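In what follows, a single structure is set out as structure tokens and then discussed.
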Amino acid sequence: MKLIVAIVRPEKLNDVLEALFKAEVRGLTISKVMGHGGGTERVETYRGTTVKMGLYEKVKLEIGVSDPFVEPTIQAILSAARTGEVGDGKIFVLPVEKVIRIRTGEEDEAAVTPVKPGEG
Amino acid sequence: MKLIVAIVRPEKLNDVLEALFKAEVRGLTISKVMGHGGGTERVETYRGTTVKMGLYEKVKLEIGVSDPFVEPTIQAILSAARTGEVGDGKIFVLPVEKVIRIRTGEEDEAAVTPVKPGEG
Amino acid sequence: MKLIVAIVRPEKLNDVLEALFKAEVRGLTISKVMGHGGGTERVETYRGTTVKMGLYEKVKLEIGVSDPFVEPTIQAILSAARTGEVGDGKIFVLPVEKVIRIRTGEEDEAAVTPVKPGEG
Amino acid sequence: MKKRLLATSVFLGLAMAEGAVDTGVTAWMLISTALVLLMTPALAFFYGGLAGQKNVLNTMAMSFAALAAGGVAWALLGYSLAYAEGNAFIGGLGYAFLQGFLEEGKMVVSDGMPALLDVAFQGTFAIITAALVSGSLVGRMRYSAWVIFSTLWILFVYAPLAHWVWGDGLLSDALDFAGGTVVHINAAVAGLVGALILGPRKEFGRVAFLPHNIPFVLLGAGLLWFGWFGFNGGSAYGANESAALAFTNTFLAPAMTALVWIVLDYLANGKATAVGIATAIVVGLVAITPAAGYVGPLGALWIGALAAFPSFYFIRVRPRLGLDDSLDVFGSHGLAGITGAILTGVFASAAWGGTAGGLEGNWTQVLIQVKAVIYAIVYSAVGTAVLLYLTRVFVPLRVSEKEERVGLDSVLHGEEAYPVTEGAILVAEEGGKR
Amino acid sequence: MKKRLLATSVFLGLAMAEGAVDTGVTAWMLISTALVLLMTPALAFFYGGLAGQKNVLNTMAMSFAALAAGGVAWALLGYSLAYAEGNAFIGGLGYAFLQGFLEEGKMVVSDGMPALLDVAFQGTFAIITAALVSGSLVGRMRYSAWVIFSTLWILFVYAPLAHWVWGDGLLSDALDFAGGTVVHINAAVAGLVGALILGPRKEFGRVAFLPHNIPFVLLGAGLLWFGWFGFNGGSAYGANESAALAFTNTFLAPAMTALVWIVLDYLANGKATAVGIATAIVVGLVAITPAAGYVGPLGALWIGALAAFPSFYFIRVRPRLGLDDSLDVFGSHGLAGITGAILTGVFASAAWGGTAGGLEGNWTQVLIQVKAVIYAIVYSAVGTAVLLYLTRVFVPLRVSEKEERVGLDSVLHGEEAYPVTEGAILVAEEGGKR
Amino acid sequence: MKKRLLATSVFLGLAMAEGAVDTGVTAWMLISTALVLLMTPALAFFYGGLAGQKNVLNTMAMSFAALAAGGVAWALLGYSLAYAEGNAFIGGLGYAFLQGFLEEGKMVVSDGMPALLDVAFQGTFAIITAALVSGSLVGRMRYSAWVIFSTLWILFVYAPLAHWVWGDGLLSDALDFAGGTVVHINAAVAGLVGALILGPRKEFGRVAFLPHNIPFVLLGAGLLWFGWFGFNGGSAYGANESAALAFTNTFLAPAMTALVWIVLDYLANGKATAVGIATAIVVGLVAITPAAGYVGPLGALWIGALAAFPSFYFIRVRPRLGLDDSLDVFGSHGLAGITGAILTGVFASAAWGGTAGGLEGNWTQVLIQVKAVIYAIVYSAVGTAVLLYLTRVFVPLRVSEKEERVGLDSVLHGEEAYPVTEGAILVAEEGGKR
């Protein structure tokens, strides 16, 4: 089991979701984050206060996958999130010791296998 | 040391916090996230624009615990966060190499042992 | 490769960013989180509804670094984020199996080495 | 035509010819009408700010429904039921379908202003009254049920009560300058009854329902105060001494209520809350409404001060009574309305407003006020209950527990107040170019 | 001076002496002017709420630019081009640079009010019209281009058209009480042409553009309605029967439109949307604008009801036509303006408003209305295109694709609507004390 | 009674009988009062939007405190100190406790309107002036200290200064149509002195204080402009030529200031900021305030244009001067007030406003204006300092450094502007049903 953490551009999120869907990755969690990297800074001015904004809006995806899904997931993200310009983001693969589905208590592989619809 | 990452329903957060409190787990960090899983999609319409919203609001808890606390923490979350309907969320247990309490520089076990009150 | 996850006070973020910059750590991702720890609770009253707020605003930094950078990064955070009062936060060091730079597909060390400016 | 109209002109000793427009009076009544109309969007913000994140639009849309369906129903029928010649209980159909405002090919003028304008002026009162009721019901009511119920309620609860008090009906001896009884007590009782019939939100008492945006609450309060100058000042039906008195009292009373509330809040919590200040402004405005043109300015300050107490303490304990009057309509509008109605009888001043009150020796007026309050409470309670049960025949009143949890904005309106674009996938329809 | 002014006084049979101020009329025109001015910030909120998170300030600043540059240009030249004596196509320079409002050391009074006030009153119309246009262009236009274009547009598209209809120009037989043609059709056509010339946003059709704050949309709609009472009511140029009629119709029509829209929304989506209600209010207000003082109150209800249909259905399909009229100016203001203009000819009533319409046998009026609509569309389309191409000579009209993606608030204004303080690093400047 | 009142009627050559209400005048003064009252909630939004996320409610509640305590204090005592017969320095107690507005059992009418209304009209000026001061102090002042200080300030700084200028006091030869000196210079100097006495926020100069919601700033600016028409237009005390002139100038000047500001912003930053446009509108409104009824419309445009410069450049450098005038009250209201006061002496026109200014040869007027400015600055500075030190005897003026860091909404009001429901745990109280 791995946890794949990907930082991508917000405007690429929908493409990434679509690519993951095609790769049959269903479960994932996303959050709004701000990223700092090799990019330039924006300057903003509010009355006499001038500030440098070194942070850009990004979206973080966290995807728990069983080992055979790691490569396809990475490939899906890479293909959908890339623009080629600085700021495209990073993918981290973290080891996971255990995954549990809260609804059923199922563990590991079983916990990340999709189920029939309902409210998610 | 482990980092327990749990995705739960926002409306269950208070119950989870209470259960963790009873399990004597004090330190934790939460964030608002959006989750995609086996659930159905909502349709929203803004004038002529119709969109499918496949994401639901969830809350993520991150809890650094020493090994003896792993099981009680998981049990507390499982018991408090379960509704039995699709969308209850997941728990991930990640290995941690080191924990440091910034205030004191204490490491590992000492870093996650609660202290006397003050502003937190 | 490690992922350093640090929870710090929002008002210390700029100092932390500056310290990391001096330590030549460039890439990082931050998010707004709420933390619960050893601190006291706030009471708020909205008409007849009185609530205890046990959560304080914090900022989470996630920094993927190659091994030689782990110690300098931790030291930079510790020195910049400490106030000595309860609530200063924690640092977690997590093992990482792989890091990929989305823009180029570079992996691991290469993926976290800074590049020439552009939009980030 | 309306008692209020006649009363005012007689009081001022005017013998204004039917048929001559007074441009000053007309100007004031025009702008007053616009001011009162603005109160309903203002209320939408006051209520919407107090609502939780998932019910913001539903809460606001309830007020806007009153502007739509309620406004049309009022014009076509409600105005007539309130103000056309009828009996002591209800008006006739003389103005139904907007008839009766043209005579000999010219617009009827009455007491210095075109009579048609009164349909709009009074309509804005009917609308805000219905919108007020919604504050007790938010978070669980089905929108279709609300649209139907609120429209019926304007026709069969509001209009008759307006007739009783202002239309030469059975409470025409009560003093109610701008609607303390007709508007505020009426709305609050309806809200209370509605809250009881609907029952509390499923998570009431277990989960904290917090306001989602307190600046909106303050915006609502500020705009309500602004609009209320038309509500009370316009109820003088003239740009005269009575209007100036009503206006000045509408300036003084809420200032005093807010001051007292700040002190009570400090004493109780050690802190003056912003929601408290906004609430106090509304409470003071409600309390001065029946009294505005009848009491002197010192009387207004007293009424403002005294009205703070019942509302302040009731709102504090209300949630612990197990009563889910979601946004405290009864605590604000009901109690302040009752306090104001009774104190109008106490502080009314012959020199300022034409009628002596208790302090000037005429304690009977207080009894008349109490009677009117009781009649209004009973009528409003019964009428509201009947109409809610009637509505239930056609549509369920409440959403399901799960829908409550998901939030009414999404479930009933298919929208979110602050839409999230992350993960929003455009739906392509056939023939659509993407 | 203005036809509208003359027409009104003649209709009322008044023979008001030049030189005598009527305080009631003046009071009403003062407040009406303030109300119409408020409509532009209100529109900024209506549009700003509909805009995405990254273009909020730019969207709002476009409206505020009309208040700044547009207001000044109007006062110095536009008013004169519209209302000074000239020919059938354009006014003269008699009022240019604010000359002509003093005579023998006293302020000129005309029809009961100081003539200077008309510059401000009419100015607020010019401003809101230009601001309306921006709704079609947001999300891609360069701010400097907008400031230049909108100022020219007020002078050379709006002012001549106002002259044609209200300034004794070539459309002076058309009925346009408060600006259905001059304001709404004109703005909507300009927006449409602008959207076509600029082309769609780069991500149009691929990404969902969602409103960022729907309460702001409702606030905008509420304040627009409030201001519109001055827009329509003030266009009577008196505090009289005509004003009361225009006012009451402005109350009735949008209520009816909103009610019909709620029903249409239910039928189409199973849900009444809040954005829909806000849109409907604007649509109803637009539709009643040309008719306000010419039709009776039942006519107003009919116009309100009928106007819902074209706008409702067009707005639903618009995005699928590949037309990036970003905030549906054409769907709301264009179609409702056309519907209203034509129905004014149908429902005009001699008894209520002085002119008979089709239903009273005078079908010619409908033809006159259609003619005016066509002239306005053609003039506005051509004029707008010319001015946009002219502006392009000096500055590019659009931002780059990357700037669009980053967001115009940041790129064009160096600000964010809701600034993020995390990571904002104060820039020390030399000599600055930190 | 008030100099302003008398002056106006004399100028217009009216000999209005005491005792006769003019409905047009009364209508205009009623609505003007409502408009000025709205300015304080509007200011709460202007300031609240500029405040940081943790001090929003505190910032707004400071303005609302002026509406509560300030309004009551004004009615009971302040009005009398300003306008009752007294000496050159302060008014008497003739109107204290709202006495003196009834005579022979009837409401006193003066210059066409009920005299009581003037308490409310002038009260709204006192309130907004106190509220303006708060902008310099936000982010560190204890709320109880503010409530006490601002109330005393209205009584002992504002009221005397109003008396000097408008109450036949020692500056009665200065031209100050609607309060450039009494309101804006006064408030700005008080703010400056207050900021110096309190000292800067602890993190000032180290942390970037950014606005939290710029749409709120624009909403505030829009509503302020709207309300200002009552502020300036109502100060004519009539619905006449003077009101129309003041009104039109209030339309023209801020438009011009905003236009110039956009250009200056472009030149300085390459970008026109939205905060800048909002600021410019306020600056233009302030600058035209003393001049509104005294200068012609071209003069108003000049004043609007010229006023942009000092404010624009001062606000740019202010943070680097180490001066924590948190929301730039001095830069906006102080400098524009001074500029406006002096330019009133320059541009005053006998034909338009009754008094010749420098350009018409009467340069003495400029000296009179300068004298009034200096007197006002000195009195305001000294009075403010005295009252702040007096307040400090009873309560500390500032919160602690830690409280500043946590945020004043939470510390002083026990609330958050946008409450977070995550982790909010309902507190059960005894006897409470959960």
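The chains carry the letters A, B, C, D, E and F, assigned in the order they are written, with residues numbered from 1 in each.
The rule is simple: contacts are C-beta pairs under 8 Å (C-beta built on N, C-alpha and C of every residue); 3 or more make two chains touch, one makes a residue touch a chain.
Everything numeric in this text was worked out from a predicted model, so none of it was measured.
The chains that touch chain A as well as chain E are B, C, D, F.
When the partners of chain E are compared with those of chain F, the chains appearing in both lists are A, B, C, D. For this pair, chain B with chain C, the centres built from the Cα atoms lie 17 Å apart.
In whole angstrom, the spacing between the mean C-alpha positions of chain D and chain F is 31.
Measuring from the averaged C-alpha position of chain A to that of chain D gives a distance of 50 Å. For chain E, the set of residues touching two or more other chains reads 22-25, 27-28, 31, 207-208, 210-211, 213, 219, 269, 271, 273, 275, 319-320, 414-416, 419, 422-426, 429. Residue positions of chain A touching 2 or more other chains, listed in rising order: 14, 17, 30-32, 34, 36, 45-46, 49, 51, 54-55, 94-95, 119.
Judged by the touch criterion defined above, the protein chains are all mutually in contact, each touching every other. Within the complex, the chain D residues that touch chain F are 22-25, 27-28, 31, 35, 52-53, 112, 205-208, 210-215, 218-219, 221-223, 225-226, 229-230, 233, 238-241, 243-245, 247-248, 251-252, 255-256, 258-259, 262, 266, 269-275, 277-278, 280-281, 296-298, 301, 319-322, 350-352.
For chain F in complex with chain D, the touching residues are 21-28, 30-31, 33-34, 37-38, 40-42, 44-45, 48, 56-57, 60-61, 64-65, 67-72, 75-76, 97-98, 101-102, 105-107, 109, 113-114, 116-117, 119-120, 123-124, 143-144, 147, 213, 216, 219, 409, 412-419, 421, 424-426, 429, 431-434.
Those residues of chain C that touch chain A in the complex are listed here as 3, 17, 26-31, 62, 64, 94-103, 105, 111-112, 114-120. Put simply, chain D touches chain B in their complex at residues 203, 207, 405, 410, 414-416, 419-420, 422-427, 429.
Only residues 2, 5-8, 31-40, 54-56, 58, 60, 74, 77-78, 81-95 of chain A touch chain C when the two sit together in their complex.
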